Structure formats: structure tokens, C-alpha cells
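Following are the structures in question.
In the two assemblies presented below, chain A is common to both, partnered first by chain B and then by chain C.
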Partner chain A sequence: MEFPWQYNFPPFFTLQPNEDTKRKQLDAWSDLVLAYCKFNRIFQFDVNEMQTSELFSNKKIDRKCSLDLICVIIDELVGRNKAEWQMHGIGKNSRRNNKCFIYWNALDEWARIIYDYVVKNGLQNTVCTIYELIDSEEVKKEPFYRLDRQIFLKSIKILENSRKAELIHLDDENEPGIKFF
Partner chain B sequence: MGISFGKKKSAPTSRVTEQDKAILQLKQMRDKLKQYRNKIETKLVNEREIAKELVKSGKLDKAKLLLKKKRFYENNIAKTDQSLDNLDQMITNLEYTQIEHKVVECLKVGNESLKNLHEMLTIDQIEDIMDDTKEAIEHQRQIDELLGNQLNEESLDEINQELEEIIASSMPEVPTHEINQKVKEKVKEKETSRARVPVMAD
Partner chain C sequence: MNCVKWSNCQPLINEEDIYQQAAVTIYNLEEKTGFQKGRLQITSHRLLWFDQNDRHCVLEISLSQIKNAELKQMQNRSQSSKFNEQLFPRIRLLLEKPVDLKNLVDDMSSYPESFVFFEFEYGGHNEFFQVLNNQMNRKKWNSASDQNLLGTKIQNIGVSGIQRQIQDRLNQQDQQINESFKDLSKLMNQAKEMVNLSNVLISKINKSALNCSENEESDDIKKLKGYFLNMGLIDNPVTKESSGSKYHKALALEINNNFSKIISEGGGIMTLADLFCRLNRARGIAGLISAEDLLIACKELNKLNYDLKYSVYKDLNLHVVEINSDQLNKTNMKKVENYVERNEYLTPYALSKSMSCSLIVAKKLLLDGEKIGKLCRDETNIDLRFYKNKFLHNSDELRI
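Right after this comes the complex of A and B.
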């Protein structure tokens, strides 16, 4: 994968005080994070772990994003529906932890891609397993092959809300199945 | 889930049937068999590599043992394939029967409404209607006949009278006296002079 020119430009790794410059900087970072994750098929990461990856640290120019900057970038992506912070706990006590989902396809885009496949293959009114939809040989050429399970289920939830799918929970031992409509 | 906007509580009735659950169970089993198959296949590949290395380093006994194990695995794979085949057939049958069931149900509904429609019209009713219609047609025919006849007798007289009137008014008056000789000759002269037209010689 090719990095943009900014990647070799030291100020890129420090949040810029000037609003205009900052806007451009965050635009460039958003594009870079999405492109990097798409290329490497990364669906979620821990901010601390990711800090040392080549995405956020350029050894050639000896620059590294601070954790604060990474969080600002993720917040920017969250605002664009392209990322989501993972939560600790439930309800009021839930807190943001250091992990986030990256949606290089937004969730509704994933939902659309999956449903397009369903329609193309006449799977309406058919019960499918998660394994057969994202892990099997049949979907090896589909964009959602080996899609993160949590992201997959979130996309299915979207389809469920529009009555295009329904999750089937048989027991705790097995993954749920999906019936499409 | 943070993203979903409201309307979550209104749980619509599930469209999942008991058969769907049975199919799901079968498919889950199929997936497990597939995973098992993958596991054994990678094991086979790995152990083949190990066996090769054992042969290279002269440990033939160990290599032989490994190959024996390999046979066993291969046997397992064949059995797994058989089970997979059975499962797939079962799944296909269930799915097809489900569709067949729906088709029969649709036919039932169609038949029912056809019956209802037929019940609305009994044969007696239709006979009554047809009789009524026949009577009405007959009635109309009689009216037509009566009207037609009347018109004919009356109008025939009128037509004849009108015709005579027209003939009478369009004829020239017949002369009542003899035509005198002089007028006759003049007419003759006029006719011959008109016929003698001079022609230029070439």
C-alpha cells in the first residue's frame, strides 16, 4: 500500500493549531486510516497497540502519533460513521475503552453489500449460518469474506430493523443463524 | 447498540418457523463437519512435510508411523465427505419441501376463493337469469314487430303519395294544340345547317 506524501512530513504527526490546517490534516488522516485498514483488512484495533504500528509511527522520519492525536482522528472518523468506540459495561456505567471498530465500509454499506449478495443468490426465505456467509469457500470472492463477526452482526441488525433479515438464536453453544427475506 | 435510532421495542412477529430452526441445526452441523475437514486436511499436509523430513534424516520407522496415521486421516475425510453429502441432501430436501408446502397452501387458498365465487352463483340462479333474459329478448322482439308493422302500412301509403306528387310537378306541360307546319320546317333547317360545317382544304 502506498502512503500519502504527508506521511513523510513530520508536522503531520502533531495536531496542528491552525483550524484550516487542522481540518486538512484530519481529512488526510481519516483517508489514510481507512485506506490502511481496508488494505490490511483490519476491522478493529486497540489504540495503544496500534500506536506502534507503521500506520501511526513512521520510523523513517522518527515520528509517532500521540495517543491523544489518535483519539482525535478516531473521533473524526466516528463523526463520519466510519468508526465506533467500543464500550465497557452496560447502560449509564458504560465507558469508552481503548478499542474501536473501523468501518471502511460504513455499517449500512456493509448491510447493503450483504443484502445484494442475498438477492443475487436468491437467498431470500433461506436460513444461513454465519460461517457459510463469511467464512466458506462460496464467499471467498465477496468483499465480506472473513468480515469481522461483530461488524457482520451489526450490519445484520440493520437489515433486521428494515425487516430484511431475522436472527435465529438456537442455543448459547452455537452462533445464531440468519433468515433473509 | 449506540447507532440504532429508537424504534427497537416494537418486536414484530417472528417469521422463523420450526422447520427453519431444524434447517439451521443441520447447517450448523454441516459447518462443523467442514471445519473438521479443513483441520484434518491441513494436518495431512503438515504431516506429509514432517514425514519427508524424517525420511531425509533417516528415521524411516517414525516416517512409516506417520504415514499410517495419514491413512487413518484420509479415511476420516472420506467419511466426513459422506456425512456432509447426507446433510446437504437433507437440507435441500427440507428447503424444497418447505417451498412445496407453501405452493400447496397457495393452491388451497386459490381453490377456496374459486369455490366461494362459484357458491355465489348457483346453477338455479343462472337458469333464472337466463330465463329472464330470454323473456326480455322475446318481449323486445314483439315490440319491434308491432312497431315495425304499424310503420309499414302507414308509411307505404304516404310514400306512394309523395312519389306521385314529385312526378306530377317535374313533368313539362303537355301541349294541347297542333304544331304548325312552318315551325316544323324551321327547326329542320336549323339542324341541317349546323351539320354542314366548312372544312379548310390542305
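Right after this comes the complex of A and C.
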């Protein structure tokens, strides 16, 4: 994949105090992170682990993002519905942990893409397994091939809310099936 | 003068209490006097006898007037005549002059003998005799060096001793300070010569400038002028005496006249600390100014709308005097941009070198550049670098 020119510009790895400059910087970072994750089909990552990756550290110019900067970038992506912090615990006690989902396609986009596929292939009113939809040979050429399970289920939730799909729990051992409308 | 006299009990200088014994009776020769069973006290200077019943009745004998002393142990009763009967041990003193106790007390019979006896009813005569001899050998009353030596020892006792010690220390410090200022005054004298020399040079320059009429100043003089300007040597520095209530205004004018050029050459800004040092150096010994006076004078600058103005940069906690013109900021920024263009990046240190301004002023210029979006920063563990702000001023053609 091709990195933008900013990647080799040392100030790119320092959060800029000037607001205008910061905006441009974060725009560039958002694009880069999404492009990188899409290219490498990364759906979620741990911030600490990712810090040492090629994405956030440029060995050629000897610069790497601080954890703070990475968090600012993720927050920026969250604001654009392109990322989501994973939570630890339930309800009031839930805390943000260091992991995040990266939605290089936003969740509703994923939902739309999946539903389009279903409609195109006449799968409405039949119950499909998750395996069939994202892991089988038939969907190999679809963008959601090998989609992260958690992201897939979140997308189905969106379809459920608009009454286009329904999760069918057969039993506790197996994954639920999905019926599209 | 009588050797035995009334005493007022006032201690003498350097007098030292040594020993005392109660129940001592004074005999004039063999005859018992009216001075009975009193307290006999020996000091370094004299013998004092205190009456037991009347505290105003005190006799004294200067030790210096005692020729010799002799201890007379108790005599065996059988051997002694009745007249000479001695019940208790005595100390006999031979005095310089005949003792005439009659002068002291009217009803005493007079004896033209220079003997006086002390009878020790309760004993203690051996110790007393020893002490008496010691003191008479010591002769403290006329030994000056001894006095000093022992004097300090005595003085160090009690509250007054502490006070004296403090006083001594203060005296010592005073002396030291005086000595060190002797050196300084020598230095001042030499500095005065230097200032005079430079004043002579200045007046010569002025003269030669007049002589050479227009543009024919020699290189040497030009150079010299440059040095003087750089040192900011000031003629007739403003003093509180010369300007009175307008002191700070006059000082402001002096700063303005002497520093405008220097400051405009050094990035247009000078920190107040730098100005303080340079101004005081330039004024030399003629009159150093205080930091507070400088601050007031700098604030005065702003009221007068001169070439210079005083500003405070709160984010850097920096007080400066800077050129009062927007033009300068623009040219400074142009300079900074040029440097960045040429060098890829700039550190405050590098900029301060190339613009010959102080480090903090250089940093201030760079931060200004960042604020208006001309520069962006690269913060590493090693240093803070500033790059041209390619985020804002770059087309996407630059893709790598």
C-alpha cells in the first residue's frame, strides 16, 4: 500500500497545537488509518500493540506516535462513526479499554452491502448461517468476506432495527442463524 | 590612704570571685575589732569583708597592698599566754601601710602597725590561705595580657556573655566587609579610568567626524563606533539626582535612544533580563539601576509611543522590550520562513544563532510562526523542531 507524503514528514507524528494545522493533520491520519486497515483487512486492534506497527511508527525517519496521539486519532474516527472503543464491563461500570473497532466501512454501510447481496441473490425469507454469509466460498468476492464476527453481528442488529433481518437462536452451542426479509 | 577602707561592693573591671568563708573576725594586732563573724570574700583584686548584721558595712583591702600573708595555726592553750590567747586559726596580713581602723570606726583604738588578722572561727583557713597566695602571685590587677585572656573566659558566661560574643562576631564581620570593599573601591577607581578613556575616545570620534565633514569616516573609526554601539556605552547616564521626579521618563528615553538599534538588529525583541544586564553594563559605575526602576521605565515607554515598547508574553512568562512596529514582525516572520525553507527544519537554538537573538526570543518567534500556521512542530525526546507547515501549505501533488 502507498503511504501519503505526511507519513514521511516528522511533524505528522506530533500532535499540532495550532487548531487549523491539527485539523489537517487529523484528517490525514484518519484517511491513513482507514486505508491501512482496509488494505490489511484489520477490523479491530489493541492500541498498545498497534503503536509499534508500521502504521504508527516510521522507522525510516525514526518517528512514532505517542499513545496519546493514537487515542486522539481514534477519538477523531469515533466522531466520524468510523471507529468504536471497546468497553470493559457492563452499564455504569463499563470502562474503555485499549481496544477499538475500525469501521473502514461504517456499520450502516456494512448493513447495506450485506442486504444488497441478500436481495441480489434472492436469500430473503430463508435462514442463513453466519458461516455461509461471511466465510463460504460463495462470498469470496464480496467485500464482507471474512468480516469480523462482532462487526457482522452489529451490522445485522442495524438490519434488525429496520426490520430487514432477524437473528434466530437455534440452540446455545451453535451460532445463531439469520433470516432476512 | 588607708589600706583598709569602706567598700561599696561594686565589682571592678575583670574582677573575679574566687572564694569565701563565713564567720571571720578581724583583729587589729591582738585586739579584737568590732568587725566580728562576718563573711570574708576573696576576689582576684581584693579582700572583702561583709558584716553579718549590717549589709552596708563592708570593708575592702586591695590585694596589691598586701606585702605578705602568714597562716597562724591554732596555738596550744598551755603554751600561750593569757594575753595572747588564740582560740581559732588566723591569717596575718602585712600591709603596705599602717592600718588605722580608728579612721573607720571612732571607738577603735589606733594601732600604728601594718598588721591585720583574720580569725577563722569555722575553719577553712587552709583553703583560704592557699587561694590568697595564688591570687597574690597571679597579680591579676596589673597583668594586662592575663586580664584579656581570662577576661574572655569570664565574659562567655551567662546572657551578657552571649551578647558579648555576638558583638564580637559582628565586629569581626564589619572588619571583613570593610576589607573586602577596599578591593572593590580599587576596582571602581580603575573602572573610572576606563570610563574616562572611553569618554575621551567618544569625544575624539565626534571631533574627527566633524573634521572629516561628510562621508570620509575612516574604517577604524567606523569599527570603533560599532564596538561602542554594541557595548551601548552611554554618555551622561540619567541619574536620580539629575532628573528627579522625571527619573523614570528620562530613563525610558535613555533606553529608547540607546537600544533601538541594537534591539532591531537582534530580532526586534530583547528580554527584560538581557536589557537589564546590558543597560547596567553600559552605564558602568556611573549609576547602576535597579530592576524595579527598569520595569517602571519600560512601562513608561508604552505611554510615550517611542520606537520601543514593553510587552509581556504570558504563555512564555516572558517580559520583553520590542520594536514598536508591525513591520518588524512581518520581516522577522519572513526571515524565519526563509531559514525554514533553506534548512528543512529549525530549532530555537539554531534560529537564535542565525538571528543573533536570545534563545527564548527565538522560541517566541517560532511559536508565533506556529500560531499563524506558518510552521508546525516536531517534538521528540531530543529537541523541539519546527518545520514549514506543509499540512496547510502543501498541495497533494507531493505524494510519495
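Quick note on the criterion: the second predicted complex is superposed on the first by the 181 of 181 C-alpha atoms of A that agree within 3 Å, B and C clash if a C-alpha of one lies under 4 Å from a C-alpha of the other, contacts with A are read in each partner's own complex, and residues count from 1 in each chain.
Everything below uses one rule, namely that a contact is a pair of C-beta atoms (placed from the backbone, for glycine too) under 8 Å apart; a residue touches a chain by one contact, two chains touch by 3 or more.
For clarity, every value in this text was computed on a predicted model and none was experimentally measured.
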item: Clash-or-fit label for the pair chain B, chain C on chain A; value: fit
item: Partner chain in contact with A:Pro10 - chain B first, chain C second, else both or neither; value: second
item: Partner chain in contact with A:Met87 - chain B first, chain C second, else both or neither; value: first
item: Superposition-derived angle with apex at the Cα centre of chain A and sides reaching chain B and chain C, degrees in steps of 10; value: 150
item: First, second, both or neither for A:Tyr145, with chain B first and chain C second; value: neither
item: First (chain B), second (chain C), both or neither touched by A:Ser136; value: first
item: Touching partner for A:Lys157 - first (chain B), second (chain C), both, neither; value: first
item: Which of chain B and chain C A:Tyr117 touches, first, second, both or neither; value: neither
item: Distance in angstrom between the closest Cα atoms of chain C and chain B, superposition on A; value: 33
item: Contact residues of chain A, present in both the chain B and the chain C interface; value: none
item: Residue ranges of chain C touching chain A (in the complex, touch as defined); value: 345, 370-371, 373, 376-380, 385, 387, 389-392, 394, 396, 398-400
item: For the chain A and chain B complex, residues of the former touching the latter; value: 84, 87, 107, 126-129, 131-132, 136, 154, 157, 161, 163, 166, 168, 170, 174-175, 177, 179, 181
item: Residue ranges of chain B touching chain A (in the complex, touch as defined); value: 1-4, 7, 12, 14-16, 20-21, 23-25, 27-28, 30-31, 34-35, 95
item: List of chain A residues in touch with chain C within their complex; value: 2-11, 13-14, 16-18, 20-21, 24-25, 28, 63
